[in-house]
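Just below sit the structures, each encoded as structure tokens.
Presented sequentially are two complexes of subunit A, the first with subunit B as partner and the second with subunit C.
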Partner chain A sequence: MRRPRATRRPRATTWAGWAFLAPLTVYLLLFFAYPLYRNLDLSLRDYNVRSFVQGGAEFAGLDNYRKVLEDPAFVPALTHTAVFTVVCLVVQFTIGLALAVFFSRSFRLSVTLRGLFLVPWLLPLIVSASTWAWMLNSDSGVVNSALSLVGVGPVNWLTSPDWSLASVIIANIWIGVPFNLVMLYSGLQNIPAQLYEAAAIDGAGGWRQFWSITLPLLRPVTAITLLLGLVYTVKVFDIIWIMTRGGPADSSATLATWSYRLGFGNTLPAFGPGAAVGNLLIVITLIAGLVYLRVERRRYAS
Partner chain B sequence: MTVTRSWWRTLLGLALTAVMLFPVYWMINVSFTRDRDMRKSPPNWFPMDGTLDGYRAVLDQQLPYLGTSLLVGLGTVALTVAIAAPAGYSLAKLRPAGGGLLGFVLLIAQMIPAIIMAMGFYAIYLRLGVLNTVGGLIIADSTIAVPFGVLVYTAFMSAIPEELIQAAKIDGAGALRTFWSVVMPVSRNATITVSLFAFLWAWSDFVFASTLDGGGTLRPITLGIYHYIGNNNQEWNAIMATAVVASVPATVLLVIAQRYVAAGVTSGAVKD
Partner chain C sequence: MNTRIARRRTLGAGLAALVLTGGLVACGGGEGGSGGAGSGTYTMWDPYPQFDDTSAWVKLLKDCGTKAGVTVKRTGYDTSDLTNKAMLAAQQGNAPDVLIIDNPVVSSLAEAGVLTTTEDVKIDTSAIDTNLLGAGQMDGKTYGVPIGANTLALYYNKDVLKKAGVDIASVKDWPSLNAALAKVKGAGKKGITFSAVGTEEGSFQFLPWFWGSGAALTKMDSPQAVAAVSLWTDWLKKGYAPNSVINNTQTTSWQEFATGDYAFAENGTWQLANAKKAGFDYGIIPIPGVNGGTAPAPTGGEFVTVPVQKQTGRYATSLKLMECLTSTDNLFATDNTLSYVAPTAAVQAKQVAANPDLKVWVDAVKAAKGRTGDNLGTKYPKISEQMWTAVQAALSGKASPQDALTKAQTAAANAQ
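So, the complex of A and B:
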């Protein structure tokens, strides 16, 4: 049976197609699949420094995972990861949306100012993190100086267990706002202006227009923005490690920083448990992403 | 809209931008502050009686780090484009059977935390003896950019008119020739976008640098700053001066990229 020509491609095209895909396929196997396999292997064996270099570590099954789950540091790290992610996402999104609405009406300098808002997003994370660390310094930081002008403080932002998580959240929100602004701004551009004009004729005020037109029509963009934000925020490492190293007393440790500390932060590395925490982080990211997609789809359908 | 109304918007916009960019201003201000003013309370809000000591320290100590970062950034760009451009062409125009699966794999690949990749790479590099090499760091850094690069090239090349490729074929060009002489030149803007982000991400990378390149002589600038923070807690003008210098590529690239973004927007407007 002959299929119509348009749907069937000549065999030569398929060959050429895979020839062009060959570098990527080899690349993915060598530099994604293999490191991930090695990571899984690390988490299933009982490594010490010697067997790490020379090989021959004993297969330990799920011992590392059991050790990690029973560790008193596990629940706090999980809680901090959840709090960090949710607070960052909600605040970033709210500020980003407010700014996107503000910038959606063009005014003098609006394009330039919107461009400048991208700067925090493009700076190397170590630059942002070290700047915030100095700004939040207890004795000489500009934040405490400003607070003392209104009679508050001084707050031990980075050195008190009560404030360290809040500090890294503030810094991460600052970095995440531009992304939300860009995504939501481009979403707003796609809402037809006639809808607002019609609503205005019907007597709807600005607030009413926002709730009845902007938010519902922005939903697809909202979904992808929050999903990408979630995937990115769950794995944030640089900011926290550079500002607090997860401390003091693990008060700002997340799964990502804990994994790094186990594997690289101590003089005696614990690669097995470190890899196990990392793999748990992947699983949690995937589950969170799937749950979010499912909820979003259900809400969309109803 | 009346003029007065747009004026308050501009003023509010300026105020918001000032708040948002205050940390950047503060970084620059501190980089010029003298050591003895560093712990003054209240701090100097403007770099009066400023010093260039911080930048002198950068010139004395950080130049090799900057050189390494430049090398790693350029290497990452080359590797990323070499892998992503042909793959994007294939996924957009040749669409071989089974190619769609690869697109899905790329989406998943973007979700993997760098920490986990770093641990796997560390185990592999240790055995191969390529820890603390520029090549090893380039490969690891490219894993951040390659999935993104393939997606950008695929999206961009899908929009290339089929007639253009057919015309090349009629002129007797093979698949490789068509790709090199027709598709790549037309996709210049995609190449710029991908290169830009690949460079920026490699330049900014800290996770791979600290795990895979922490002990060698060729260390990137992110580690330069990190060791500064660890070693001399007091010389914040030197730390912030290094941070300012490390931010220069981001700033330059933002300015260049905005021109391309603007060009893309206007060309779209003309078509409409």
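So, the complex of A and C:
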């Protein structure tokens, strides 16, 4: 015999719960899911200016992706993106960690100095990128005039295909150090001082303490710092665009600047391939992030 | 008791959150339509954000509206922003009634079916210089009227040339220009500055030399084209031009010239006001062709266009607004404000009478060519992108002029 199930009337708190959930859900759908869907749709259709406005772009499957992958600009852009990301992450992290350890020993003015190191982070990117471009100018830049004082000939930082990528990397490292500094500094605060005291009693020197205590205990913070750094660095666009526009002759073009150039760089936008490059960038970040998380988890478990 | 109050509070907060969400959705779904035919409000978009509501330009727009018996709602956008804005607006069916847009974009928008032809709106274009109208023509149809034109010429610094012993009258073709640059360098001054940046601006600046060599955009790897790229490359190699030109925009290039160290600068009509403020004596000559004469420079400047509307009844009023903006008196006022050369002979004569300095610019504009002309239309953007890349590759030493141009021609042909 079936007993009539008592239908539970939703209580006020349940309703309130849903109501609280609504803003976030709507926000995510509106500003995250929909743009992502549109970008995917753009990349799978054969858009030209006419069909973009009038509608009726034909479904093209993976044609745009094929076009992008076969483009002679693809491999250089991918290589530049990889070099840019890896070099920036490694150097930013190393400098950030060194500074964090340095500032963790409180000394006079350490707070003020630490505050000053945050400046690159607070400046609008257009300001810092323009300043770097001005400093690295071949003819009137302050870097070249400083180099000439020590007898080094002028370097065409932004206008030589051999140096342009290095220049944007230098600028991006400078901008990224404060983030690493702040994250790692806060991580250091959580390592109990007793551990260092005990290690000192056991006769461990500063270097030994760093490798055996600081670095292992900092691992969770390291993981999140590098992961966030990766996501941020792979998609860097403004600094490169302002300083070199990906040039000269694509020598500092990354996937991000290439995508922009396809979509908005000339008066006849190629939305399909532009969106395809953008999606590739998302996939690359996602894969890199997942791999990194998995490696970290495994190391954690062992 | 307490729990009940707490529950009520939670519910209240939840309701507030819900209301907030409603607001968010409403904002997202809202659409700023341009109003129906009967509303009497006509929208106009232009790429002159530097002018606010108190400026002569915006007052002119409002006056034209009043004369046509409607209210004008004007928005000024950044040039590079306006193309995308116009395309998105057309996609959503709320394009402005009158759109003033950079001339190389006209063919792209026409291709997209966003613009009406001058036949549709029945505007008379017979007074307009045909070389200027060319930028707005595709397959025998005209998609707008130029509001004014600018182009490039060579500014020179009289003091620098005097010290170097160069007589400007001797600079007539490429060899004599090279000789002048050599003398300037010999005198310890800097030769010439221009912009070879990796955007449309770089192509715009290169075209006078490209066309001046006799090259055509349909064949970028011709010997003439190689000669033009080699001319620039040699200037860098010999130190006549600074290496920074590879990254210079026209503005930063002008700033170099304004230091007073440079003999020449390739720049546009719009720098005239700054030239007067530069604090040294300057002159202007047209850009010479390889064997003398004036090289055709590309035309810059905007077109007044009428985007396609669902309610075709609106065109009659749009026509009135367009005619008002391009009437002789208003063109004269507008082009003086924008530092442009007018598109009609009558207004050009009036401009030169008022300011004899403009004579050289009027001549340059008469010799100028539309970038999208020669029926290139929407092929031009792809060609241009390959051209500026080739110029950058050659100037930075990444490839020889010949190799860079061969690669550009192949890529441009493949992209079509």
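As a working rule, the second predicted complex is superposed on the first by the 291 of 302 C-alpha atoms of A that agree within 3 Å, B and C clash if a C-alpha of one lies under 4 Å from a C-alpha of the other, contacts with A are read in each partner's own complex, and residues count from 1 in each chain.
The rule is simple: a residue touches a chain if its C-beta (ideal position, glycine included) is under 8 Å from a C-beta of that chain, and two chains touch if they have at least 3 such contacts.
Note that the structure is predicted; figures quoted are calculated from it, not measured.
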{"item": "Fit-or-clash call for subunit B and subunit C when the two complexes are aligned on subunit A", "value": "clash"}
{"item": "Which superposed partner A:Asp139 touches (first subunit B, second subunit C, both, neither)", "value": "both"}
{"item": "Partner chain(s) touched by A:Tyr27 [first = subunit B, second = subunit C, both, neither]", "value": "both"}
{"item": "Contacts of A:Arg50 with subunit B and subunit C, given as first, second, both or neither", "value": "second"}
{"item": "First (subunit B), second (subunit C), both or neither touched by A:Gln209", "value": "neither"}
{"item": "More subunit A residues in contact [subunit B versus subunit C]", "value": "B"}
{"item": "First (subunit B), second (subunit C), both or neither touched by A:Phe237", "value": "first"}
{"item": "First (subunit B), second (subunit C), both or neither touched by A:Ser104", "value": "neither"}
{"item": "Subunit B versus subunit C as contact partner of A:Leu122, first or second or both or neither", "value": "first"}
{"item": "On subunit A, the residue positions that both subunit B and subunit C contact, one per complex", "value": "13, 15-20, 23, 27, 52-53, 55, 133, 139-140, 264"}
{"item": "Residue ranges of subunit C touching subunit A (in the complex, touch as defined)", "value": "7-8, 10-11, 13-15, 17-18, 20-21, 24-25, 28, 80, 83-84, 87, 90-91, 102, 104-105, 107-109, 111-114, 197-200, 242-244, 246-247, 256, 378, 380-382, 384-385, 389-390, 392-393, 395-399, 404, 411"}
{"item": "Residues of subunit A defined as touching subunit C within the complex", "value": "12-13, 15-20, 22-23, 26-27, 30, 48-50, 52-55, 72, 133, 137-140, 154, 156, 158-161, 244-251, 261, 264-269"}
{"item": "Interfacial residue positions of subunit A with respect to subunit B in the complex", "value": "9, 13-21, 23-25, 27-28, 31-32, 34-39, 41-42, 52-53, 55, 99, 102-103, 105, 107-110, 113, 115-120, 122-128, 130-135, 139-140, 142, 145, 148-149, 174, 177, 231, 234-235, 237-238, 242, 256, 259-260, 263-264, 271, 274-275, 278-279, 281-282, 285-286, 289"}
{"item": "Residues of subunit B touching subunit A in the complex", "value": "1, 6-7, 9-10, 12-14, 16-17, 20-21, 23-24, 26-27, 30, 38-43, 82-84, 86-87, 89-91, 94-97, 99, 102, 105, 109-117, 119-124, 126-127, 139-140, 142-143, 146, 150, 175, 179, 200, 203-204, 206-207, 210-211, 222, 225-226, 229, 236, 239-240, 243, 246-247, 250-251, 253-254, 258"}
